[in-house]
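Two complexes, one shared chain (subunit A), two partners (subunit B, subunit C).
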Partner chain A sequence: MTTSVDRVAGPAPARRPPGVLRRLRKDWWIYLFLLPTVLGYGAYTVYPLVASWWFALLDWPGFADQGTFVGIENFERLVADDLFWNSFRNSLVFLVCAVPLRVGLALVLALLLNRRNTPFKGFLRTLYFLPVVTTGAIIGVAFTLLLDAGGPISLALVESGLLDSPVNFVADTGTSLFSGAAVWVWKWLGITMIYWLAALQTIPQEVHEAAMIDGAGPGREFVHITLPLLIPFLVIITLIDTVGALNVFDLLYTLTAGGPAFSSEVIEIFIFRTAFGATVPQLGYASAAAVLFGLITMGIAVAQALGVRWARRATGAMR
Partner chain B sequence: MLVARPGNLMIFVGLLLLALMWIYPFVWLLSASLKTQPEIFGSGLGLIPDEPIWENYVRAWTVVGFDRYFLNTVLITGGTVLLIVVRSALAGYVLGRHRFIGKKLLIGIFVVTFFLPEGYTIIPVVQLTDQLGLLNTYVGVILGLGAGGHVSATLLYAGYFSGLPKELEECARLDGAGPFRIFFRIMLPLSGPITATVVILTFLFAWNTYLLPLVFTLSEPGMRTLAVGMTAFVGEYSTDWSGLAAAAMIALVPVMAVFIALQRKFVDSIAGAVKQ
Partner chain C sequence: MSTQHPSRAPRRRMPVNRRQFLGAGGAGALAAVLASCIGGGQSAQQGTDSGEAGGALQWWDQFRPLTQMLEDELFTPYTSANPGVTVERRELAAADLGQALQVARRSNQLPDVHSLAGLDAAPAALVSEGWFQPVGDHADFDSSPIADLLFDGVHRFDGSVYSFPLFSPRQHATIPWYNSALLEEAGLDPDDEPTTWDDLRAVARAVTEGTDASGIFLPAQNPDYLSAIVTQLAMTAGAPGPIDWTTGEYVHDSQPFVDAVEFLLSLQRDGLVHPASPAMIPRDALARWAAGEGAIFPWGPWFIGDLVTESPEVVERGLGCWSIPRPNEERTSVRSAPSGGVFWVSVDSEHPEVAADLLLQMTGQDFQAALASAMDQPPALLEAVETADVHPAYRDCVARFAEDVRIAPSPEIGHPDAWRVTAEMRPVQPTIGILVQSALSGADIDIAAELRTYREAVSVERERALAAVQADGVDIDLDAWVFPNWEPESDYTIEAYDAR
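And now, the complex of A and B:
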């Protein structure tokens, strides 16, 4: 009985959109579920994002002290600070050298490992992947030994005649940043290779067979079929790796500490040194650098997100 | 097709040589950790020690205080993984399966802050932790590592939960189950595969993280993690190569062992995360 009455009377009130307050009251448990994330994310991600801007306007010599408001003075100093631009340039050089190398080399490896007639794929994949799971800071320390003048890499290069005399790669202003980039590529190549393997698996087998029937060789098949299908992935993977290349503090700080003579000091190390490394911390000044750094990272992320959209549309149009 | 054509064989040999180069640094570390100091420099590129010197490990463990660092790392990693799993599962469930006021705003905030670098947030995070009185405590480090960020974990849960059939909840609701019963009795037990993924990814993050524990423990050496302790050790003992190599092995072996034991799951987790 009651059900038939409900069925008749039911639709009329339901058609009226429920009020905001009623929905909030009905869904109270949803907000309870969200509470830990909203509180944590609010305090440890959104608040720092906003607070950095405020801190950047302060002269603030330590956490125990109160900062004094100085307006945009920190930014003015930053723009005139050669060491800031030096770290900015180093970050950029690191990015431009290391990211294409990591993305490209990983693609080559993924293509070779994806061939049906390559044996022991799983085993090889494990070996390439191993450095990914290791601790960046420990790897940095370990490579100070490996890249030392008395270490095995210098020794091997001297014995094979590629070097005249032993070189301490991390203590040389000409090679420190590039050593860091090389170690970074070595450590993270495996994960990019896995991204590429996942991307290659999205290409249906029929496409490959159709290309074979049409008489396309492996080279032509790659250029005309595989590569266009991979372009959206290329943009995403490059984005992930670029953001990764801006987060190299652990590896570079333990490998070179930004030295010698600031030759490998990237923005993150500059911020750390200004905020925590100096005898008199300059928290406001470091915050100003962090704000600029954050803006640059987000700018790159937005540009690449637009790139993803563009690439999707372009490949969509081709189909 | 698997017949060894010369081209295929060449490619395989090339890949194998490169793979050996890839793990050479670890092999060298292991070798150096078992050699005497003069032997490291004297024996050139030879990898086999004359006689394994296990005393290097004893020295690293006791002199560096790695026993304490190891415990710190385990506690901090465990707490961080637990925090991220709990809050991501709860938030991912409602984001993936329910509509509510403010959902678009929340997702918008997640998207905007997705790629925020750690270096950007570290100063306010220290200041906040200081004001909460949590500097130099496990809780402080765990909150700093796990309370914010990790949007990807939430999105992984949201994606997974949204893929489960609708009938599950409808049946339970007909049986009179409320949202909490539905979540804890039905949804959470079904989330095993994605929980494994999130645990692996956050375990790697927490075990390997460096900047935040470094900054948080600048004034409190007893709270150092393995990564921080190792780098502090370098300053004092930079000439003790065999000790350093042994210390590095102690820090690296646990995470590599976990990886090798669970490697299929590792690789699938990472590939799955990027596909999403």
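And now, the complex of A and C:
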């Protein structure tokens, strides 16, 4: 009916959108409410971001008022700096090991807690979520004690025969990074589990019932029904956890301080050490490392976005 | 569904509608937030005057054991004698202080007086960047009891005194502090001092085998601690220090350094080191030593001051110290650089004359004796320890320093522009501390080869820094690091600089 009316009436005459000043005058209160966010975001996110690009082009000892412009010299030094690449590699290893573990374990926990016959579901959800609300630095300090050679974890492994002698997990060049990854997974498992639980709620019960009527067992139902419907969520959750895995400074710094011998130094600790920890702080060099790291992170985010688009298309095609 | 509406009374027009109210409320909240952002960071410039004759001094340092002493022996007497002056001290962890100072400098919020932990690599660079104002213009440090310890290039720049040595240079950080009760439990006599590396190993073994405790702590999470220990042990084995002052060359790969590292690794291999040591910083080790988990902990003279502050009952339990052990019976001294300035008056301070006068009080005999009583680093006037109220173990420790430590030359004193090279030098990694940390954590590395690589890298970096400084027109070369008249077993005095 509306269509016919439109046909009768013909196309409406084109109206010029109101000008910026007019919109500001008309809806000034909207912009007033936006102002605190814009100011805060500008001062604490945009400005540091833009400033770090400029700082990256300076030779700037931390005790000087300002740096000297040196062009891309900092980036050239970075490319030749073994410790930068060591920290870059550690960040990638951390990412590759910890993110799938966190996403996968959380999915398993969510599936178990989503079953009707699982007892103490509320209690278990709280239990798994508790480390999420605990400060990373406190967890780092606590696990330093738990994971040292005289700590309960090492002693329990020796008692059980899994280890011949106590191992100092956080102070061994071969295990420090992986210990950090394990503690990080443990700390954040609860929040990823909540994401998965929310995702599982979106799958209609009828689909599960239909699969059951068709004779699908739990395994086939998971592979052919649940998992395909979770793929868009998988991409989003992986993206969130990946960003989280690039922000592990507090936990790793208190747990290992990047050591021993830089074996667990991720890029954030490298930046901090260069900017503040050295006897002669190098703000320009640290900024260059941050910029390079930011670019790489951006690349990962773009890849993730493409993945989301692909997943949506794939899911749409399946439907 | 009814389409009829109950009759409504006509609305009274409100003077302010909801949107206007929310808008005004939002604007008010924003103004409040912005206003709150302005305050809170009291700087030296913003300190409120409390009176015409003085002012409110902001004071930052990292000396936790000195907290009570500074209050009782310096601030309270001074503010009582000078009504109108107040001092607000803020203690930060050493690692945080350097960062706080950098940030404060850029936001013009430096305190009036502060120490330099974390930024003490080249104080002269900070002077040249205009961080400080001279204290010598406001107080007569050249006539103070520590006048003989003031050096050009370290405390005095362009003829003006900027700071002064609060502590004695005659100290090191490898004093083996022991737990008397654990030694006795292991059947050992604390007075039977282990003078050699093998003797110390034997003591650590006796404790490990005869008690539930470990023999020794080697907190390895802090590479700087390990660097200091290795360098000082290497000096007892005959190394001149990191630099051979007769040639100016770095000697990190000389045999004494290799031997010192091997000694530490052998303690680890023999199972005498506390198993959690690799994950400890020195303060962790101190807490565990206090808990009786190990018998020996090599650290500095402040060890006992920290314990008195945090666990006085442990001091009562019984402790003592020995001299730094050496590879054989031959006594070789440890060399230490002249003490730098500790407290500086920031360029932002509006009360430099008050700050300078307050700092001058720290150079007096009374304050130096009180400083000794805090049992932190020994005071600049070392003789004050003899009459101060200190634990016998601390007095013993300082007496051992007098025998064991000699003052090394300093290029910054010998050449007016040497600091420029030091400030230009970038950190070379991995340091000796990192190498030892790596080896102690189980990595299979060739220590001698790694030390050689480090020595070569540091030498190259110094040459690069030297070239960069020379390119700026500064007249300096490697001779600034050469002191041909240096005698390893003698103090390098100001006369020696003149005779060079």
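Worth pointing out:
Basically, the second predicted complex is superposed on the first by the 298 of 319 C-alpha atoms of A that agree within 3 Å, B and C clash if a C-alpha of one lies under 4 Å from a C-alpha of the other, contacts with A are read in each partner's own complex, and residues count from 1 in each chain.
Throughout what follows, a contact is a pair of C-beta atoms (placed from the backbone, for glycine too) under 8 Å apart; a residue touches a chain by one contact, two chains touch by 3 or more.
Treat the numbers as computed from the prediction; the structure is a model and nothing was measured.
In the three-chain model built by superposing on subunit A, subunit B clashes with subunit C. More residues of subunit A are in touch with B than with the other of subunit B and subunit C. By the touch criterion defined above, A:I267 lies against subunit B but remains apart from subunit C after alignment on the C-alpha atoms of chain A.
When the two complexes are overlaid on their common chain A, residue A:T118 makes contact with subunit B while staying clear of subunit C. By the touch criterion defined above, A:Q205 lies against neither subunit B nor subunit C after alignment on the C-alpha atoms of chain A.
Residue contacts after overlaying the shared chain place A:S160 against neither subunit B nor subunit C.
After overlaying the two complexes on the shared chain, residue contacts for A:F276 are found with subunit B and with subunit C alike.
When the two complexes are overlaid on their common chain A, residue A:P36 makes contact with subunit B and with subunit C alike.
Residue contacts after overlaying the shared chain place A:T144 against subunit B and subunit C alike.
In the overlay built on the shared chain, the residue A:G62 is in contact with subunit C alone; subunit B does not reach it. With the complexes overlaid on chain A C-alpha atoms, the stretch of subunit C that clashes with subunit B is 94-102, out of 94-102, 400-408, 418-426 or 490-498.
Residues 29, 33, 36, 63, 144-145, 150, 276 of subunit A touch subunit B in one complex and subunit C in the other.
Considering their complex, residues 1-2, 5, 8, 11-12, 15-16, 18-20, 22-23, 25-26, 28-29, 32, 41, 44-45, 83, 86-88, 90-91, 93-94, 98, 100-101, 106, 109, 112-128, 130, 143-144, 146-149, 154, 178-180, 183, 204, 207-211, 215, 218, 226-228, 230-231, 234, 241, 244-245, 248, 251-252, 255-256, 258-260, 263, 266-267, 270-272, 274-275 of subunit B touch subunit A.
Per the touch definition, subunit A reaches subunit B in the complex via residues 20, 23-24, 27, 29-31, 33-34, 36-41, 43-49, 51-52, 55, 63, 109, 112-113, 115-120, 124-131, 133-146, 150, 152, 155-156, 159, 186, 189, 191, 194-195, 197-198, 202, 236-237, 240, 243, 246-247, 249-250, 253-254, 267-268, 271-272, 275-276, 283, 286-287, 290-291, 293-294, 297-298, 301. Against subunit C, in their complex, subunit A makes its touches with residues 28-29, 32-33, 35-36, 61-65, 83, 144-145, 147-151, 166, 168, 170-174, 256-257, 259-263, 276-282. By the touch rule above, subunit C contacts subunit A in their complex via residues 19, 22-23, 26-27, 29-30, 33, 95, 98-99, 102, 105-106, 118-122, 125-126, 129-131, 220-221, 223, 274-276, 278-279, 423, 425-427, 429-430, 434-435, 437-438, 440-443.
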